[in-house]
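Each of the next two complexes has subunit A plus one other chain: subunit B in the first, subunit C in the second.
Entry: the complex of A and B
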């Protein structure tokens, strides 16, 4: 009797200890997530506190200047707008076409598997390498100089993997029966894709495009490499003009020693984050509202 | 597989109808072929991108190595291509890159894995749906913003603890980079953990094992290949990261292991040269391609290894 009692106590003690360890582990794991989230919050609060006083109309209307209180983001905002639109116009058709080919036409052979592995690898190439590609190919090779067009082409190559992968997922989600029904009624394969697959896949494809665009808008390094960092004090008029973008202007201000320029950079960051936040909200809206459930 | 069915279908239709070379049926078929070819060309753009990267890097790298010996490149301990006395030793830049990447991994790997374990094993469905997107916002913040945060927020904190810290230092870049990469580790590892079948967990519980032991001794080992590839992916991201180190870690190529000192990474060097007005054809212009080539090869090998591990060592259940 005595021995059994002793044994029971010991066992329940062990279980208690183990449960305690388990609880500690669970809390530690939760803390890991909360630490990440709190860094995010601290970052946002820090940037907001620094930047809010500088958010004035002048920030949007003026060109950059040597004096912080006369500096603005006019040329940077124009550059970002031009680059984002040009990139979307170039990248969208190429990316969607590639996705359609891989999902609808390509048979499962070495060639299509090679393309797939290649796209996965491209997604892992550091963005600054794309900058070197753009510098060698578009700026020097094609003689586009440091133009918005050269920047947009570079960004196109950078975001193509994102667009292709998300578009493929959207196309794959359209059920096969729809294609079969269309073909059975005498439509050709292209007609089937055009009138039945693409309309249903479009919300997903647009989500991919928006994700790609927000990546392009936030990228700095490749555009610095192709030489976009220029002090620009005139309006951007065409795709062959030299340009600067929001993140580069922010980077420029961070590199200056004066505290005022750092705060100006924080104000620029607030605008950049606001743009990205609204783009992502559109993406989430598209995904939730327009996507067809099968 | 899909294609063959379409093909049979189209062929069978063509046979029924008039089969003259310029008949409507044939014209339509030519159109279909044209569309198919157009789409294929777009898919080939991705291959051309890879070829383009290699060609551009190779071209300037060859020019570079025609003037600098490859032995000097890998053994010389000073990197001063922009000074009057030029030395071309890549080691200080590689040292800076690995120093910052190592520091970032000290944060991203353990925290990312723990976050993944929590989301996959402990969190309720509702909490998971809440926590995951918030964590992923971290990965979507532009890197120039992290650079700002490192320089103006983290560096002063480090300086107040270690007063002899330099304004630009590896540590603050590492810390911020670690948090930027955390969601990558968490997301990829969580996919791997969630893919472990429920039956394995139930079997372990039936043997009287606690939840802690199930998580750490059953689920994590079963998902090890996925976790390993997440880790390699994270290292490759850290090595290629540019703006944080360009802003916060400095521009002094130095062979040091002291994270409180100013260093320079490979990526930051490329930015530094790009900012200056470096004439085309000069040796300084070629150095950024040589450095870029090495960077590309490093990340490429890591991505391939990561891909290989997921493919080759995946435990396939059922």
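Entry: the complex of A and C
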């Protein structure tokens, strides 16, 4: 069979045509990324221009007011801080313990696989559903009312799946040879987990916690559902106080008609972004440290 | 329970992983304070046999099942009343790949001792163990550096020192030199000769020259027609290498297969 005649003689012309197709694809990909980046940039520039003039001590020291130049984020910042810390305190031990159980103790049977699949599914549940759950369970069921504690518990439910999944990954990344080394010395499983597995998994676990916290800080819907949408003009003094948070305050200001409030909202967005970015940088730093170790 | 200086007797030992049998009916007497080498082709159950001594098989696979027993002195390793933790405390292990803890050199030695409630002076123990593992002179000035900063051969000697520090009666070694260069291998072999004065050593090796060089006794394993590991023969290393009784041993040792 003469296969030669079925191939083109003009090899270089053929390759040129193919390279042209490749080039077009490359340009399309570049356009896609430019689109994403430029939209983000426009947003950032717009927000920065609007918000910068309002970034002044007043913004941090004052409670919200019906006069834009007397308005501040004091109560919203306090609420966000309280909620983030309470959520971390509650979610961390529960999430890590669940991850340890699933990775180190649970045997691989139908029941544990069922739990695993459902945790992965829970991470994808819309946040407003958690809000409804929080409203029924914490606000009304446990009678916590619209307290920051009820908000934190709701956020705990929201970020637990993330924390469990990332903690499990971190625990799984601890080399088996390390566990074997410990057990072969006559250490118990508890000692092995406590002194070897957990310390080495900790940067990864903390990364998950921080990513979960930054999600909790940015969430609005579940907190509106449990009734945090309130005008608050006093300091937050304890976990049972009613509260508001940054995204809700920003939402509040944007929904007001005056232009000044919109600019104030832009300043609030800048602060929220700064908090989220710094949390994410800490997470990245921790992740890099983890990679260095192994 | 002191089991020092006692010989080991393995009786009808069989191990399964799920429904797959790994080794069948192994019977062997292993003399105390000697080096016994386990040799044989890949997949013949050498490592499974070795892990049977510190009940590590049940750790690596939760469907592992062991029948028969291993008696060391008066101690039955598979006594249902005996905790595997105690077995592992008394029978140390050195692994194929050096696996120091990502802690300081000092802490690598001290951790196991502390976990086992060592009441003596930890500094002395660390020095003594490192000296016994022929590593002290190389690391005495950097005890607080990470164990991972050492070379592969040093890491493996650190792992040996770590095992020695909890004062085991037997040291199991699973191809301890397979990840090391010839010079590091030589040092470990020298160390093994030295350690055999105080410890019973059982070593799995792929390297027949190593078995011939270092061991006092050799056991040859192979696969039977059902791909189950069996012990073919065992005896003084010289006899196994010069006058093997079994044709399969002879074939393996002379390099016809393996």
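In this section, the second predicted complex is superposed on the first by the 272 of 294 C-alpha atoms of A that agree within 3 Å, B and C clash if a C-alpha of one lies under 4 Å from a C-alpha of the other, contacts with A are read in each partner's own complex, and residues count from 1 in each chain.
Rule of thumb we're sticking to: contacts are C-beta pairs under 8 Å (C-beta built on N, C-alpha and C of every residue); 3 or more make two chains touch, one makes a residue touch a chain.
Computed from a predicted model, the values in this text were never measured in an experiment.
In the superposition on chain A, A:107 makes contact with both subunit B and subunit C.
Of the two partner chains placed around the shared chain by superposition, subunit B and subunit C are both touched by A:186.
Of the two partner chains, subunit B is the only one that A:19 touches; subunit C does not reach it.
By the touch criterion defined above, A:262 lies against subunit B but remains apart from subunit C after alignment on the C-alpha atoms of chain A. The partner that reaches more residues of subunit A, of the two candidates subunit B and subunit C, is B. In the superposition on chain A, contact is made by A:177 with subunit C only, not with subunit B. In the superposition on chain A, A:225 makes contact with subunit B only, while subunit C stays out of contact range. Contacts of A:207 after superposition on the shared chain: neither subunit B nor subunit C is touched.
Contacts of A:167 after superposition on the shared chain: neither subunit B nor subunit C is touched.
On subunit A, the surface patch touched by subunit B in one complex and by subunit C in the other comprises residues 107-108, 183, 186, 188. Taken together, the subunit B residues at the contact with subunit A in this complex read 1-4, 6, 9-10, 13, 28, 31-32, 35-36, 38-40, 42-47, 49-50, 52-53, 56-57, 59-60, 110-112, 114-115, 117-119, 122, 131, 134-135, 137-138, 140-149, 151-153, 179, 182-183, 186, 210-213, 215-216, 233, 236, 239-243, 246-247, 267, 270-271, 274-275, 280, 288-289, 292, 295-296, 299-300, 302-304, 307. Residues 107-108, 175, 177-178, 180-188, 191, 195-196, 200, 293 of subunit A are the ones touching subunit C in the complex. Across the complex, subunit B is touched by residues 18-19, 21-22, 25-26, 28-30, 32-33, 35-37, 39-40, 42-43, 46-47, 50, 93-95, 97-98, 100-102, 104-108, 114-115, 117-122, 124-133, 135-137, 140-141, 157, 160-161, 164, 176, 183, 186, 188-190, 214, 217-221, 224-227, 229, 247, 250-251, 254-255, 262, 265-266, 269, 272-273, 276, 280 of subunit A. Across the complex, subunit C meets subunit A through its residues 54, 56, 59-60, 62, 85-86, 88-90, 92-93, 95, 97, 99-102, 111-112, 115-116, 159, 162-163, 166.
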